[in-house]
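Note that the chains take the letters A, B, C, D, E and F in the order they are written out, and that residue 1 is the start of every chain.
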């Protein structure tokens, strides 16, 4: 199970990072979201995996490590705030720069053409 | 907004009751939750009051219950029919569009009506005409158009009109 | 937990799962968009309803008190599924998805798309 | 507990409450009220910072256990001489920036004042926190505030630069979390002191993984600090934002430096057993290359703000050198230099704002333009700042530079460091003298339509500029304080000591 | 002692000219002169003691850590220089009063001048090397200001920059040298350093120290090959030249050599480097001076030449040579200052400095001409004038050395040749300006200057004569004490007589004068010969070199900072990879000792879905809507994963965050191209990115695996043990969030709030074009708000709110909490926006969402602050159990209020973002209905 | 028996999920894909409930409830996007 889990985490990080290395803001945002999913899974797993015993006290002996969970919760919220900002920034870039390339100079922008037509 | 001008304790008593029931469903039964549920049942309608359009109210709860039972029965029965169709070859399928003339125009009854049509497998409400006189329905397997239209009107439209008296 | 109860719950579970599977099979194999729309939005609703009821029954006995929580989900699904289907159907019209060749009254889809009465131009 | 016992958390709570109060209706709609309120808060912050500084100096390290949970279970704030100094620095910078912006820069967009407050809260939190994950949280606070502040005023270039800045930092934040996960996964704790205690006792496999995590943190902090090759975002970002924001940003790279110092200089420093000084082999070449490339970029700069941004990079390289030297003497030099360079760069950014404002279309580019109406005043301040930034007497730059030179004792390192630091000084001299002569003397006619700087803006710059000679005049006590900070820093803090102090 | 105040007096005086500038010019000059005069008085007060051979030092600690002390010394050398600096400085102040025109800002000029004077005094009086350097750099700065005083002239700016660059570079070298020397000696105090010759000269750093010091000295004193800046510094007003290039600035380098003579000199390296540099500079300067048509140019090269002479003397390593050097320092300062002033008078009263235009001025300004002629004669080394005396000593010393071995005879020969050129250019100065026919093309008729403008020149020329005739009675004691300071031990016997009988030095003098005459008479062929070589303008060369450096730097900079985010991001990832990969290569195995869970089908399916979803997101990233769908699938699977691995809170949070994110992305996507253009990316970049991403993925996966499979001894036990007793809740995760680590949550909601504010800023005044058709060219559907959706959304709202209340209330003890509840409420409201539109909602919801944020944040913070009232730190939680008659026992906790703050902040932030984003686009668009 | 039934039912749901995934990938149109995701939401609810039954815990209930709530919102939003481009107008 752990092996499969880590393969998934690794794979998702790779996908996320690959997308973050692309040239258009929207793709970057998608990549960022994917990357933060994998980050969260990673952080979550740093305390080890536990099945069937959430850290809700009910008299049992064994609980999942609650600390990484709390950390991931914080990370999710912060990640959400950041993603939201990034999305709107991307829009702002699109509005101000006329295209959605990260460097603000994209010769091929189908929407721009569409608007003209 | 005239709604704001006058304070009403229970703007929507049925909603309040429903909310209180839901709260009880969600919690283990206790006196504390009865009180807490009541608080929410009162407060939430206040909060949503500005966001609610006035809707017609069902006059006869018994009829509502009967209607729901019939609906559940239809859902179950026709589900098996659909299952059969799905598992059969696609070639025997005779999908169709039909236009059902309707006389309900109030939003809530209309919604309940179209939802009923959609829920019963085999038919799916697709679109309303702008004048709200026609409901377009997609049928998975059409045997007899007129019969289906009549069935829809009789089994769903009529009781709903009765319930809401519109 | 009594045996009969176990049987009932198991039956409901398997039944629900089968209905859901059929729904998904329908989604996978039915010929055009509108036919595919039928299967999951309804079959699945009933299927998941069965499973939820099974769970409801099971936990009612397991916990030793009436447990209707799952009913809430069922209710919710039954309220929302037709609307979701309606929205999806609208989207299908908007996209002018390809209909099965022998669909009866094909041209009604064009009327529906324009929100017109069937006899209107 | 009296109110003074909570002093440690004041630098975080003061700006927080100020920021929040600024959002409430009666004040959020009146800019003048906002100005008065934030200026008053900044003054309070300066006072609080000064009190903290004095308290730390007189009674030693202060620890504040949030929620009354002792370390390592709860989050603690640790105010030692170094962090108190940084808090004071940020308070002063904040005051100057707010004064400057209150002259009108703040009305070019919404929420300027609350954002500045939140930015300060983030910076102060990052300086004070004794917990790794809490550091992440405060990093994010300061980052999100900086993202928002950077686009204050709008404009294409700003948005463009912001896109680069934001996305790079978003990758950085993800890496930060990977690193934290790794460190928690091996050390099982998040408190810096506790982590430092546990690092020497790791088993073999854990060692390597911890090393990976620690080095990943270097990349994260390095990005914030703008060290090579992660510095690319800086010139564009700093040069394109509004003057007060750029000035405030002068301390942001220092947050990265500060974290490297604490984590890689101390936590993974001499006492880390097998993992002792793991970052040093990396930091050496990076520090030197950062100075070199920064200096080359200084020479290449075509406008004052870009030049100043590149000077920031040079200062980052210089600070990294002092970290890698790994001695109390070097840390002392570094801490002194850090304060100096932050103030000088911030003041220069503010000045660049005024220059830009008075030169019309030429802005702050080194081209012939019409003369500025307040050329004499601006030129005077420019000269002072240039002297400070080059590292010439009589301003504080030379003390920092000399201290750093003195702290290099190993011959092999000395050749490199001395030539780079002195060479960078020479290049700064060439570049700044060219800049000054072009900006102030290569003129054609008078720009009569230009907006003159308001007294409050000059006051803001004046506060910062005045600190530079003061840092020389009172160089003795300041350097002694820096030495105290360096000693505390290099000694590290074990969990036991931390908890003793907390009592 | 009083001398301690000497460097401070002019320092105080820096602002006086600025303050008095508004009064009349004489007042300003007088006020300016006041403090230097006072300083001079103080020096004179202490003079007798110094002439007795005493040396004084006085120190105050300044920056002990640096070794920098406020420390001054008064010995022969510093007295000598102080007298020159203050004396000539006062004369220059007087002179400048008349020289400067009405247009010039006199206050500013005097301010710079006094600043410079202060700096020079500081240099010569410092007893601490770092302090010396402090003042040394100040001279560079103030000389920059003085040279560029006429800043409107490009020549002045460039000349000043060049001077600053060269001397600045030298200053940096000097700093290095000083710090090295300080390291070696262990002190920066001169009284210690000067007595450590043996230690220093045997230290391996000696060579480095020496070369750094010499770099400092040679750049300042314009020695070859750093001499080129000096002539261009002549762009300064003449009083500045008179001051800087006679007694002060350029003498600072000489002073440095003299000051450190005891500790650095005496070695062979010293001799070879210093003397040869001096000799070469002497010849080069003398030769070039002859061919300058500009009066000040001639004087500038003559200065270079004389500085070379002094340096040569200091390099000769004999005691008498050093004495001669000191003597020549005095003499050169006197005659050169007067010559510059004379040149300034000529320029001022005739409007030109070009010797081709200036002719026959004797007729127009006989007094000035006489003065200039006497000074020139002194420069040429004519007997009865002071220049003669030191030059005689110089010639004597050139004879008395043997270090060049069999080639040692070259030195006196070359010295004589240098002397001949000096005579020649002095002759030219006299003949070409005051005689040689009539002036040509002058803009005004030359005349004598104002009375007091000439006074300084008269005083200096008088000094030339007095010293030249009665050396022993005038400068004798001063020279003795200064030389004592230079040599740092008792002086040898020497005599300051005019007449030493017929000897070789006298012969050399004679030869020099005769040779000079001969050269001057044959100047025409010489000028033609010189004309064969292209004139090199050092300024253009230097500026060109700097420009070339700048261009190179720009090229490097552009290559590195290409402005491509993709490249920067790649570097970041690559750097991270380079950092984290090596340690893992040392790892034997990533598998730890912990037992693994067996894999089951459901997890396998989930894993497949996750991988397929991520892959599909990447592959279809060009089809953005589909990528988004895939992403929401991945999000769903991730939340189920959390649920499966015992993290119900995470699952709930992830679910609700995901849906908000998707809505946000959908909102944004409307304004974006629906497909990413593919043309731009280069295949090599693609492969490069793929490689880095995969490698990082592998490493992350490996670390993840390693962490999961190894046992962890963590602090979590504490949380589980104390959640109920200490935090009052059974959901440990929630207790950590609102209690143990409530500060994180506090920061986290702040982040959320700030993000919302920032987004609000971004949205303000955003101009986006609306698409009239969807991507495939279809017009939009007509009904904005499908009626069925509206009805259902409205009916569901109370239910949503109730569920969020449910989630909120249970949070402390069961999975749930303020954040999730807040998101559910937000989603319910967003659903209303979606179904009814912005206008409908704005009409009904009158509150601004940012107040929600403010109230939320305040609620959380006040809850934290509440604990102060109970003497507890921030965020200390409180909980207790109560019981009411009918209801029974229940728990109240401060954490719930804190969580309420979280709840409100989340609603505020989410809706501030989404509702405002929705507002962007309320214009009507083309739809199917209106085709 | 119950656990076998649960396992069996989960197996069926997993197959159903795989079929949904197939539809998601082949499309052919975007609305088809949206249906696929919507169906996946519902199938996941079933899966989660089954998981709870198997482990005998009610702690998964809220997740299922939330998926039901949010799946609808998500589907509606995607459809609105296809219909109008602007989902909040």
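Everything that follows uses one rule, which is that a contact is a pair of C-beta atoms (placed from the backbone, for glycine too) under 8 Å apart; a residue touches a chain by one contact, two chains touch by 3 or more.
If you're wondering where the values come from, they're calculated on a predicted model, not measured in any experiment.
Between subunit A and subunit E, the least number of touch steps comes to 1.
Among the other chains, E has the CA centre that is most remote from the centre of subunit F.
Relative to the C-alpha centre of subunit B, the farthest chain centre belongs to E.
A count of contacting C-beta pairs for C-E and for A-F identifies C-E as the more extensively joined pair. Inter-chain centre distance (subunit B to subunit C, centres taken as mean C-alpha positions): 15 Å. If you average the Cα atoms of subunit C and of subunit F, the two centres end up 11 Å apart. The geometric centre of subunit A is 32 Å away from that of subunit C, both derived from CA atoms.
Rounded to whole angstrom, the centroid-to-centroid distance between subunit A and subunit B, based on C-alpha atoms, equals 39 Å.
Residue positions of subunit A with contacts to 2 or more other chains are 13, 16-17, 20, 40, 42, 45-47, 52, 54, 56, 67, 71, 74, 78-79, 81-82, 85, 89-90, 92, 96, 102-103. Residues of subunit F in contact with at least two other chains: 10, 17, 30, 34, 59, 65, 69, 76, 78, 80, 82-83. Under the contact definition stated at the top, the residues of subunit C that touch 2 or more other chains are 23, 25, 37, 41, 45, 69, 72, 76, 79-80, 83, 86-87, 90, 92, 94-95, 113, 115.
The chain pairs satisfying the stated touch condition come to A-D, A-E, A-F, B-C, B-E, C-E, C-F, D-E, E-F. Residue ranges on subunit C touching subunit F, taken from their complex, read 6-7, 9-11, 13-14, 16-18, 20-21, 23-25, 27-28, 33, 36-37, 40-41, 44-45, 47-48, 51-52, 54-55, 58-59, 62-63, 67, 69-70, 72-73, 76-77, 80, 83-84, 87-88, 90-92, 94-95, 97.
Within the complex, the subunit E residues that touch subunit C are 778, 781-783, 786, 788-789, 792, 795-796, 799, 928-929.
Those residues of subunit E lying in contact with subunit F across their complex are 601-602, 605, 608-609, 612, 616, 625-626, 629-630, 632-633, 636, 639-640, 643-644, 648, 651-652, 655-656, 658-659, 662-663, 666-667, 669-670, 770-771, 774, 780-781, 784, 786, 789, 800, 803, 807, 814-816, 820, 824, 827, 830-831, 833-835, 837-838, 914-915, 917-918, 921-922. Looking at the complex, you find that subunit F touches subunit A at residues 55, 57, 59. On subunit A, the positions that touch subunit E within their shared complex are 1-24, 26-27, 29-31, 33-34, 37-38, 40-42, 44-58, 63-67, 69-74, 76-85, 87-92, 94-96, 100-103, 106-111, 114-115.
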